[in-house]
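Below, chain A partners chain B and then partners chain C, in two separate complexes.
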Partner chain A sequence: MRKTELFLILSILPLLAGCWDERLLKNSRTVYISGFDLDENGDYQTTSIIRDMNISESSRGEISISNDLVTGKGGSIKEASMTIDQSVPGYYDPAKGRTLILGIDVAKGDIYNVLDSLYRDPRVDLNAKIAVTDNSANEIITHISENEVEKGEYLYELIHSSEMYSKMQEITLRSIRTYLFDEGKDFMLPYLSKDEEDNEVKINGAALFHDHSFTGQFLSPDESTLLLLFMEAQSKKALLTEQLDKKADGSVSYNVKSVSRKLKLEKEEKVHADIMLQLDVEIVDYPPNHLDKQEMINFLENRLSEILTEKADALFKKLAANQSDILGLGRELIAFHPSIWKEIKGENYYEHILVNPKVKVNVRSSGIIL
Partner chain B sequence: MRVKSRISSVNLFFLLVHTMIGVGLLSLPHQTHDAAGSDGWISILISGFFIQLIVLLIWLLCRNFPNLTLFDFSKVILGETFGNVLNFIYIIYMLTVICYVFIIYADTLKRWILPETPVWIIFLIGFFLLIYGCICNIKDIVSLFSFLFIFILFLFFITFLVYGYSYIDVRYLFPIGSSGGWNILKSTSDSMISFIGLETLLIYFAFIKQSKTISALKGVFLAVLFVTIFLTYIVILSTVMLSPEEIKITPEPVLYILSAIEIRILSRLDLIFLSFWGLIVFTTIISYSFSASMGISKLIRIKHKFAVILSGTFVLIVSIIFYYMEITLLEKWLKHLSLIFGIIIPILLLLITIIFKREAASTYEKN
Partner chain C sequence: MRLKRNKSKKSLIDQANLSIENIKSQLNHTSDLKDREIHSNNQIYIILYINSLVDQEKLESKIIKPLIKMENNNILNELYSQEISTAKSNKIAINGLLDGYCLLIKKGRNSEGFLLKTNASTDREVSEPIVEKTILGAKVGFVESLDKNIFLLRTVTKSPDFTVKKYTLGSSTTTNVSLIYLDHLTDPEIIKKVEQRIKSITLDSIRSAGDIQDCIEDHTVTPFPQLLLTERSDRASANLKDGRVALIIDGSPTVIILPATFMTFFQTPDDYITRWWLGSFFRFIRLFSYIIALILPALYIAFVSFHYEAIPLELVYSLQSSLSYVPFQPFIELMIMQLSLELLREASIRLPPSIAATFGIVGGLVVGTAMVEAGIVSYGGLIVVALTSVSSFVQPNLEMSSSIRILGFPLMLLAATFGFFGIVIGVLCVLIHLSRLTSFGVPYFSPFVPLNIKDFKDTIIRVPSWMMYKYSKNSPHYKQEKRSRKWKLDESEEPY
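The block that comes next holds the complex of A and B.
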């Protein structure tokens, strides 16, 4: 009995299940960063920075790493990668790219066309960040490859840090798919541009999306922070600065500690969404005055509430103009007011919604001094 | 032929949980979503409740024949010839279930981790493991299963890691009951298939100590309850993580969700999940083929060892044929077959037993 069992177990060994699927690092050209563009003929152009490992034979097998910029064209994203594959030694492996950049032409079309092939491959890193540029992705990547030391990591860190400070919505390849297939929600992506003066790539703001495509408008980082607060999706830090009066020294900076939102949806002529936002803030920079008196705190609270309500009004007007439902009011209607949703549903449901925001600021702390 | 070994009610719990949780786990949220939309979890709960009732019926049937398996008491109830016919189709059914599990298992592995590996290798490994796992008595199986229960808990805990991400949107569960009561009820017949494995109770009840008392049922009730809660949890988790349109085009929502989770050095949690899931699938296979081989050895009077090899070979050949011919009939049939073999036939047998007052005693005289 022992012998038969041993025989059975041992007979599995020569099948060597894992070895059929080995992928050696020395054969594959791992991609750091990829960008997608659309040319006039309707062909996709992929630009990537790939990492090349060279094991030199002269100096005792030392490994040196170099980065290559490669481009390829094709009728689909997969065909474009195949073109690249033919021009590099080894296998072009786009699966591990940490950042994807969409050129403006791609972003204005249906962006799912670009992403589809990525979702079909189980090895793709679904935590990759996605960004939109104001020009072609090729230009940005060429710039990075020439000027930045960190290459692929550079953009990833850039986007990641702005997410940490609640300047950008946290979007990855994984979560963007949820938004794309949700009829009642839109999203925003980091909007990159090349600053000619400083010769640097910067995040200019948040590109607004409607359905599957870029609307052409973008929010400034401050507006996008405010919107994230309305979504209750801010990160641990959310720093904002407001100009209290026209004087030069009349500004205050504060960090939002916690947010509570009350949302009321009512159907009248249009669907009215009354949003009441309560912010608990910590003052981090306020040189002109001190918060040792209750009147001072009250003044600051009222003034900030006033300013933010005004800004929020402008913000939601901008969203309405672009029909970009980043707040997810459509989903809210589907979930809790299905009867209202039935009346307004459709591609442009957002034009039936009128948002009426109100912000109330509570100063909770002011650091270690008053 | 009475069975000799005895297991306790707790052992039965492990046996049943492992038989029921298996290959359907990965695609369950996708399937319930097709049938009942965002109310899939309700239909799982309802079918869980039905299954409890059916378990009760199976127990009522089996308690008339203490220490006899289905393959023995079918002859008492239906007579020698019809009993053998029934045993035969039960054996074929169980082997078909194993083939189905094999094919789904190989297909999932091929798509998610082993795209280059030929499928026959996966089948061959399965074949060896099946034989290895089944050439033993029920006590060995119970100890194996109770050890592997850790991995079911592990699958459960691995899903906790997804809460670190902000993708969760509870609103996807609302409005509750939007698909309508009738649709939810209709979809329960689809979600019943995730409780497939119930049929093996017809055999395992024979092994239990004091099967006449209600305490024999305790383990079974708990097992069904555990499976119901586990499956409901998985369905709810996938519903809140993915938007409705997205689930429709994601055949394995659980794996897809896990593949996006990153914890420091591990960037693909789905691989870990899949490797533990593989063990859990094999317990299903072992449980079924153990029961089927028992039937074979009784039907054509050969030793258990040879019966296992026979059923293993059958499964290997049939699943390779079905896989390469791309026959997808199995899935469609199995939904109805599992209803017939798990629910309708036991109820019929119970009715015959009650009406014609069949008892185990009559077999003693024969033997």
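The block that comes next holds the complex of A and C.
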């Protein structure tokens, strides 16, 4: 008797796990890229590309790719998806989308409104990249669906490669959530725009965020690399070029090999953050040469330190103007100086912080020639 | 009626006195039962034999001729037969006759007879077995004769500890079975168990090794074989040297090796002939392919019907493109493919080799491609099924690879109902089942459950032979000397 009971329980248990809702791959319409916009009435508009691969019956397995552009409107993102679902055969499935584009209107509002439905779906690819565009997401996606047919995951690769070269902060759907709900930390997202001349979508810089919304300002790729160095969050490659003189041939390109940062936080009238950044660099391009001489190295080190300190000053002024604490100084205060944090905390805590950056460059290597 | 007759027959066999008339009636006056009277030295001898079982030449030259020329009455000194035993009852005499012996009876003294070995043998040439091919290694396979098989084993296992025990099994037709082991290496507990189990076999007749396997294995309700069947003498010998027991059945080239654990089925003689790196690599490949063959179809089903978000985007598109023409569920699709493959496999066994090649092309290539083009299966499904069957062919043991076939279908069904969750349940059940199995008291999933890292040296990997100086826990009595590479020490001490 006990055995029968046990057998019954064991055979019913798997059914309780609720994992048996079949979703056949052949019936699904897999989204390849999605974008979100906000229209004048406050409705969300979702634009997606559904990609189809067709094996032609006649020419023996030759594969042709077609993009299907779909849009839908609704009061929430989910409702917009449902509108799309009604217009496509099969299930509309946004889970596989690896790039999400936020239109400028959406980005300027609370972006969590858009992301919420994604987090509630267990199947969503959490490694999806998020980008902001200077216009509507619809425009960018329409452009991609018409022009980048053969290029696979064009936008994903575009963002990924700029992360590899330390041009962008590495942010995915998963990591952005911690920034969104961290009171002492902000983030930046790739800022896309359509280049009319080249007829291409390009990354223009890094869009600065404050709290949940886009500030309207963006950093140039060089500025954002410098900021990443200050965050000690650079990738394996961080290539920078500086003009030493006004002369045309006075440029030097260098790759930052390693970074060490010293941060001192002190409360006076304002909170002073003294950041001392030591960069070990490798010279990769310097036509004037003579890097075998110590004077030359010293000259380069001094000049670069000067230029970078200047640039860093400008950079932090820009951040302060936008109240965008990408460096995470607030988090630093919460962790190590809770008494100071208690005095300044609030939505605009960053106005109480004065950053005083200093950069010291050490030339460690000059490639395989001297 | 029949029962009664049997009973009366039995009582006659058991009769103590040896009587030619009785023996003849026991054997139903079969026409190949011959007798011959010989008058020699004023004595009448009767030779009784079954014509079809004895070697005529032997009988004439070694028994009849010396008997006729005999000058005194001492039979034992005059006959050239290599084996002479006395038969005191009808039963012994009949068993002897059936084994090919001839019965020599002095007329007038019915109580005693001699059984003389005159049996004919129909040994075929020793050849390499078809199923267990190796690249290197001995090309010697067992044959259908018990004595020759023992001979084959002994020649590669020379040891005073080589022990043979004979049993006669079957109550209506008898079969001789030999139990062989190396006394100093084998766990006496196991020998005791084997003997006990063999003695308890009360089958009417033994058809093949399978009958004995059915009777003596620990668990019958399992897809996993607990006895290793082999036709290779080097494999059997290597297993004897590992402290296992061999059972040879007369008339069958298949030798039973026991106790076999899960990992025994992944070892081949090739592993020990090639260098140990290569041997370990092959072992690893075999284990890996076992897992692949077991779960790949299930994984495919789970991927395309539940969890396609877990595969790369590019693959999603290409799978989807050929799947969208298939009218069936992925499970049905794979079942069609698997079943047609099973058909091909079963059909090709009985085909002559000359047709088999054509059959392979028509069956495999043409049907496969046509099925995809007709939209019955997808490219993905075809690849999965092909990979699975290739992986299952990697298995060195036929029975072990059939266990994949049996376990694969329930796993596919589970994957089709519950996705990954089902696969996890299924694999867990298999693992739990494996851990509970025993083979003659030895844990079947042995170096893993119970965990014994020291025994890994000849399971997942094969370490060099000089490192295997300790035998496993189950045969603790013996240790190999540790000095095979002592020369290295000696050489380095030599002054230049």
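As a convention for this text, the second predicted complex is superposed on the first by the 335 of 370 C-alpha atoms of A that agree within 3 Å, B and C clash if a C-alpha of one lies under 4 Å from a C-alpha of the other, contacts with A are read in each partner's own complex, and residues count from 1 in each chain.
To be clear about the criterion, contacts are C-beta pairs under 8 Å (C-beta built on N, C-alpha and C of every residue); 3 or more make two chains touch, one makes a residue touch a chain.
Fair warning: this is a prediction, and the values are worked out from it, not measured in the lab.
Peer 1: Figure out whether A:Arg98 sits in contact with chain B (first) or chain C (second), or with both, or with neither.
Peer 2: In the superposition, A:Arg98 touches chain C alone.
Peer 1: Between chain B and chain C, whom does A:Pro14 touch in the aligned arrangement: first, second, both, or neither?
Peer 2: Second partner only.
Peer 1: In the superposed model, does chain B or chain C contact more residues of chain A?
Peer 2: B
Peer 1: With the two structures laid over each other on chain A, which partner does A:Arg177 touch: chain B (first), chain C (second), both, or neither?
Peer 2: first
Peer 1: Pick one for A:Gln86: touches chain B only (first), chain C only (second), both, or neither.
Peer 2: After superposition on chain A, A:Gln86 lies in contact with neither partner.
Peer 1: Under the stated touch criterion, which partner chain does A:Asp125 make contact with: chain B (first), chain C (second), both, or neither?
Peer 2: both
Peer 1: Would you check which partner chain A:Glu153 touches, where first means chain B only, second means chain C only, and both and neither mean what they say?
Peer 2: The second partner, chain C, only.
Peer 1: Taking the superposition on A as described, I'd like to know which of chain B and chain C A:Thr4 touches: first, second, both or neither.
Peer 2: first
Peer 1: Now for A:Phe336: first (chain B), second (chain C), both, or neither, which partner does it touch?
Peer 2: first
Peer 1: Contact-wise, after the overlay, does A:Ser66 reach chain B, chain C, both or neither (first, second, both, neither)?
Peer 2: Neither partner.
Peer 1: Determine where on chain A the residues touched by chain B overlap those touched by chain C, and list them.
Peer 2: On chain A, the overlap between the chain B and chain C contacts is residues 17, 20, 125.
Peer 1: Using the touch definition up top, name the residues of chain C that touch chain A in the complex.
Peer 2: Touching chain A from chain C are residues 303-306, 308-309, 313-314, 316-326, 329-330, 373, 417-422, 425.
Peer 1: Under the stated contact criterion, what part of chain A meets chain C in this complex?
Peer 2: Residues 14, 17, 19-20, 22-26, 28, 30, 32, 51-55, 57, 63, 65, 95-96, 98, 123-125, 152-153.
Peer 1: Using the touch rule from the top, collect the residues of chain A that touch chain B in their complex.
Peer 2: 1, 4-5, 8-9, 11-12, 15, 17-18, 20-21, 122, 125-127, 170, 172-175, 177-179, 181-183, 185, 233, 328, 331-332, 334-336, 338
Peer 1: What residues on chain B touch chain A, complex-wise?
Peer 2: 111-118, 121-122, 124-125, 128-129, 131-132, 135, 166-167, 169, 171-175, 178, 241-246, 249, 259-260, 262, 267, 270
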